[in-house]
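Across the two complexes that follow, chain A remains constant while its partner is chain B and subsequently chain C.
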Partner chain A sequence: MDIQRLKPHFPWITLLVLVIFVGLNDPNFLKPANLLSLAGDIVPLFIMALGLTFAIYIGGIDLSAQSMANMITVVASVYLASLGIWVALLCVAIGFALGMLSGFITTRLFVPSFISTLAVGGLCFSMAQWLSGNRALNMDAAERDALFGWMIGRTGIIPNELFLAVALLAICLFIERRTTLGRALKAVGAGELAAAASGVNVARFKMLAFAISGALAAVAGLLFAVKLSGGAPTIANGFLLPAIVAVLVGGTPLTGGVGGVLNTAIGTLIVAVIRASMLYFGVEATQQQMVFGLVLIAAIALTMDRSKLRTVK
Partner chain B sequence: MTRFLTREAAIRWAPLLVLIALVILFTAINPDFFAQRNFARIAIAAAPALMVAIGVTFIIVMGSIDLSMEGAVSLTAVLFCFAFLWLGGTLAAGGWLAIPLALIVGGLIGLINGLVHVKLRIPSFMASLAMGFVGTGAAVLITGGDIVRIEDDTFRALLTWRIAGFPLMVYVVVILAFLAWFIQNHTTLGRNFYAVGGGEELAHASGLNVRRVRITGFVLAGVFYAIAGMLQVAKLGQAESVTGANFMFISITSVVVGGVALWGGIGGVWNTVVGVLIVNVINNGMVVIGLPDYVQDGMLGLLVILAVVLSTDRRNISFVK
Partner chain C sequence: MYELKAVDKKFPGVHALKAVDFQVKRGEIVGLVGENGAGKSTLMKVIYGAYQPDGGTITIDGKTVRFQNPRQAMEKGIGMVFQEQSLISNLTVMENIFLGYEAQFVRLGVINWKAMAEAARKQLAKVKLDIDPATVTASLSFAQRQLVELAKVLTLEERVDGDLVILLDEPTSVLAEDEVKMLFRIVRDLTARASFIFVSHRMDEVMELSDRIYVMKDGAVVDVVNRGGATVEQIQHKMVGRNVDREYYREQRQKPYDDSRQLVKLEDVGLPGRISDISLTLHPGEVLCLVGTEGSGREAILRTIYGMRTPVTGHVTMKGARIERFTPQAAVAKGVGYVPRERKVEGIVAGMNVYENMTLSQMGHFSNAGVLRVGEERKLARDWIGKLSIKAHSEYADCGNLSGGNQQKVVLAKWRSGGSDIMLLDHPTRGLDIGAKEDVYEMIRDMCDDGVGVILVADTLEEAIGLSHTIIVLKDGRIQKRFDCEPGKKPSLYDLLHAMI
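Moving on, here comes the complex of A and B:
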């Protein structure tokens, strides 16, 4: 058995092993209701990771995703009353535009993406603080339930978030597999110079990748705001690390080009199971960050394609 | 050639001119800005940030990046406090031993950073970002989310004892900045940072042990983060898991705004000193002239982009990631 041929299968094997391992230790874990609610709880994180996948797929990174989601919780809370259902459109448009801005700064101004997105994240944080007046905001519960109630709650035993997640996953999968954009992104991720040489408008597609990342981070923020019925400038802090981990353990390496949104779905489930197992084994919530930091290093080390980097800086 | 020369000159002098212009601007809007008390306030705010920024300067000169500072500062600050209290709770009674201890811990964090980055061949921004998360996590773990206080007058003298209006910590930081400059300009290690940053493959071909230089750089940065951690404790009188929060954004911004190029080899400690002053003058000035403080992060974001754009020679770059 060649390890390179097995490599694409690592993520779901890891997931299976983890589920069985936790299941053996705690049979309650394997009950469908528990598994479903586990999956439902992770959906905001999944949506953010889904967006990040596009940024990482082209060999970049989007460190603004968390600040974006933070800001969107505030935007959603502030404008729900005046805009009604259209607030969703506003959120996605803001996310898309700011993602586009990150992409523009990266591709046209030659600022590395981790700096440009960090800077755009700073902008988001300022805007969130300004809009919220540095307070935690609440949504009008009746209005939220009427307009966005369908996002949360349950149909049978299935959390409604899962439908949203599956729908977004399907859209992203379609973009990735069946559109020019998807193929172009793969080309850029696999070899940017070669893609540019064969006539692909690399800059435009990269900007779109960052825009999608921003838009999905906004959706994640919106869902989070609906779930918590409010927003604050730091409410989604703690999302960025697990979201990056989800993308990487799913099998989309930092160097880009392989993997994709389906991998991220598996990666997010791995994150969910790791989280749940930490609870079962009595690892406190405060230690999760450490564990995920170490998992992140391991995941990068295992997935990265070093032949693409002449020197590792 | 002329263009090259002006470019060099611009990178060298532009940050300083910006700093002077900012001081004049804020003074013109509100004369209260130009007062010794206010300068002391800026200096106190800038002191720990300068130590973090100098640490990361060495790394950026090598063409790498270190994003672990938030975790490293929090962890060293927390461990320093615990060690300080355990050793007697006063500087005289043995608490001074906590200082070398914190420096060693900082160095160790840097060592792990460097080893993960070099041995596992992981890009430094991701290796150090992950290590930063681990550091913050460890600080949360150790404190259990609590605040650790230090109430030793001798140690707090760093903040309270003023010479010519400026607290002791400012002088300590100035001395350490000179030390950093000495390391950068007058030691083999310092010159090697520039060799690696200027062209890694050339440095390697000339027989330089690039990997060792990189790891040593991260260790050095870690030691400076530990100093920053202790200064934060001296400034606030306490440490907790968020003691290092926001240092990542501020320090990277400062270094870049000061004119240290992100791809390595250009700029140095003095650029960073100017950059830290620019960032802190802006932060302070915006408050003095009455702008709300939430504008700061956005301003810094714009500033860092502007600085990278201005310092990038676009003819030499085909693409960035």
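Moving on, here comes the complex of A and C:
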């Protein structure tokens, strides 16, 4: 059996091995209640990773996702009182528009996406600081529960976030597998020049990929704000690295074209298990980012298809 | 002295080499021919150490050897001159020649450029190339670069003891005729220093240069022919397994085109630095061939019609309507199809399957409000796989894994299935074997019968003459001459060359 054919199966094998490993060490880990609450807690990160998948699928990256989520927690906290439920629409629209901006900068001004999204991320951060006056904001608890309580409650023992996650995953999966948008994104990721020579409007689809990434980062921010009942310009810091890890460990390579949102779901679960095991093995919170950094390097170094990549810059 | 015995190589699902015996004697030039997918490249990779055989032995002077990588093979005197030019274009000639072996010129960490230039001159003398070793490689012609590559491989002579075996993979594909002659003269002179393995699609060249020719088919050596032991047709028969149509370019199927209608009309089109004052007309059923040297503006004309470039002067009219916005999307909507030269980069998307590739240019026809009707896509792909006899296990086959000819058929099917009736073909037969080339020629005639207009940039002048109704000769971005090419009254090679240069 050669390694290339096994490769697509690495993510879920990794997940299984990790679950068994942690389960053997910590019998409580495998209890359904524990697993479900673990899964529920990871949902904001998952939604961000879901969006990032689109950016990475076309061979780009979205480094603004975390700042976007940060800013949206502030926006949601500030405008919940005046806009009510419509604040959700505002958040998603802002995310979509700023993602579009990243895409515009990347495709029309020919700025690589890691720079354009980094810059747009800076924009988001400043807006969040300005809008919040650099303070942590609180939502009115009663209003939050009335309008967005359904997001964070429980149905039986299942956290409601999971329903949201599954619904978004289903939508994204549909986009990826069944729509012209998904097909075009695949073509752009796997062979951008051929897609362009086939008359595909590459620039438009690329912009859409970044817009989806921005919109989903906004949803992640909104959910996070609802969960914490408030927002602050740095509240979601520490999300970006695990979200990128989730996409890449899931099996969507930086070169794009393969993998997809289902892979990211598995990748996110891997991140969740790693996170839980760190708690169990007593890794301090301050060291968690380091672990994710190492996992990221290891994951890319082990899975990079070097035949496709001649040089790394 | 260099010998392969019963060498076997398997890949998942493919038996690439079946017990191949292969021998190179000292000072010999051995030809290697076969259709695409016959196993030539695999065999070469085994010889120069990129692949390790699964079975059989490799011996040099009777001693068994095993190479883990090309570097080990080089240490035993086996060098490779690559088809894709492997020189780094922004380095000087001497830096390229000694790339990776600069240590011999280094004193105290500093390179002695004079010594390197001297040594490089010695290597260049071997291939009779009289250029300054400090020339930047990018400024050399293709032929000169090919010779520099050869000189680079010949540095093995000083580095290894024992005999050299040098592989030449399609060395003539970018060379003009006199340059090929010069290369052959040099290779013959060099047989005093090395043996050669010569791989080419151009049968006449292989016959001219080689002392013996190995003919491969389906991963096995089907025959070894001595110089003068067989005619071109006989060898082609062995390669393909059937007789090659004498009417290679299907001239008997060339019918007059319909000059009452115009598909494309260019009037005084110009792109500064590329083309100027280009006027031409394409009619239904016509094959219009653009002939010229590299950089004469052939590709710029194709790309302008396809909307990838916007002309600065002049007008483009398609089917009676003046084109205002130049984008590929607009061109595709007008019925233009483009088969680019770089098939693997621009033609197909590797990693996507057959039906995804075929509908890429026409997803609008297979979707409602952005949702694809995959069932119809698959049916379309199955139809065209049958129609063009594309060798793919199903419509789910990854196009990146198909052979060159089948990839090209997928690209053609992409446009034809979408109803494109203005086809721009840029080197559509490049790198294809004879059987696949004939299939493409057949398809071009089929398209003409259907009233499609074809603008062709051919791989060779013979192909241009054989296929076209009209030939337009370009030089430095301007039209030099226009030839009508009715069957029986076709211009000769000489006529074309005379106008080109």
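Just so we're on the same page, the second predicted complex is superposed on the first by the 312 of 313 C-alpha atoms of A that agree within 3 Å, B and C clash if a C-alpha of one lies under 4 Å from a C-alpha of the other, contacts with A are read in each partner's own complex, and residues count from 1 in each chain.
Everything that follows uses one rule, which is that a contact is a pair of C-beta atoms (placed from the backbone, for glycine too) under 8 Å apart; a residue touches a chain by one contact, two chains touch by 3 or more.
Everything quoted here is computed from the prediction, not taken from an experiment.
Chemist: A:Arg5 contacts which: chain B (first), chain C (second), both, neither?
Modeler: Once the two structures are laid over each other on A, A:Arg5 reaches chain C alone.
Chemist: After superposition on the shared chain, which partner residues are touched by A:Val120: those of chain B (first), chain C (second), both, or neither?
Modeler: A:Val120: touches chain B, not chain C.
Chemist: With the two complexes superposed on chain A, say which partner A:Ala197 touches: chain B (first), chain C (second), both, or neither.
Modeler: A:Ala197 sits against chain C, while chain B stays out of touch.
Chemist: Quick one: is A:Gly60 in contact with chain B, with chain C, with both, or with neither? Answer first, second, both or neither.
Modeler: first
Chemist: If we overlay the two complexes on their shared chain A, which of chain B and chain C does A:Gly293 touch? Say first, second, both or neither.
Modeler: First partner only, chain B.
Chemist: Of chain B and chain C, which one contacts the greater number of residues in chain A?
Modeler: After superposing on chain A, more of chain A is contacted by B.
Chemist: With the two structures laid over each other on chain A, which partner does A:Trp130 touch: chain B (first), chain C (second), both, or neither?
Modeler: It touches chain B, and chain C stays clear.
Chemist: Quick check on the superposed pair: does A:Asn34 touch chain B, chain C, both, or neither? Answer first, second, both or neither.
Modeler: neither
Chemist: Output check: A:Ala187 vs chain B and chain C. Expected answer is one of first, second, both, neither. What do you get?
Modeler: second
Chemist: Can you pull the chain A residues that chain B and chain C both touch?
Modeler: Touching chain B and chain C on chain A: residues 193, 196.
Chemist: Name, in rising order, each residue of chain B that touches chain A in their complex.
Modeler: Contacts found on chain B: 63-65, 67, 116-118, 120-127, 130-134, 136-138, 140-141, 144-145, 200-201, 248-249, 252, 256, 262, 264, 292, 294-302, 304-305, 308-309, 312, 314, 317-321.
Chemist: Which stretch or stretches of chain A touch chain C in the complex?
Modeler: So the residues of chain A touching chain C come out as 2, 5, 178-181, 183-184, 186-187, 190-191, 193-201, 257-258.
Chemist: In the complex, go through chain C and note every residue touching chain A.
Modeler: Residues of chain C touching chain A: 12, 308, 327-329, 331-332, 338, 340, 342, 345-352, 356, 359-361, 363-364, 367, 370-372, 374, 414.
Chemist: Going by the contact rule at the top, pick out the chain A residues touching chain B in the complex.
Modeler: Counting only chain A, the residues touching chain B are 59-61, 105-107, 109-116, 118-123, 125-127, 129-130, 134, 192-193, 196, 202, 241, 254, 284, 286-294, 296-297, 300-301, 304, 306, 309-313.
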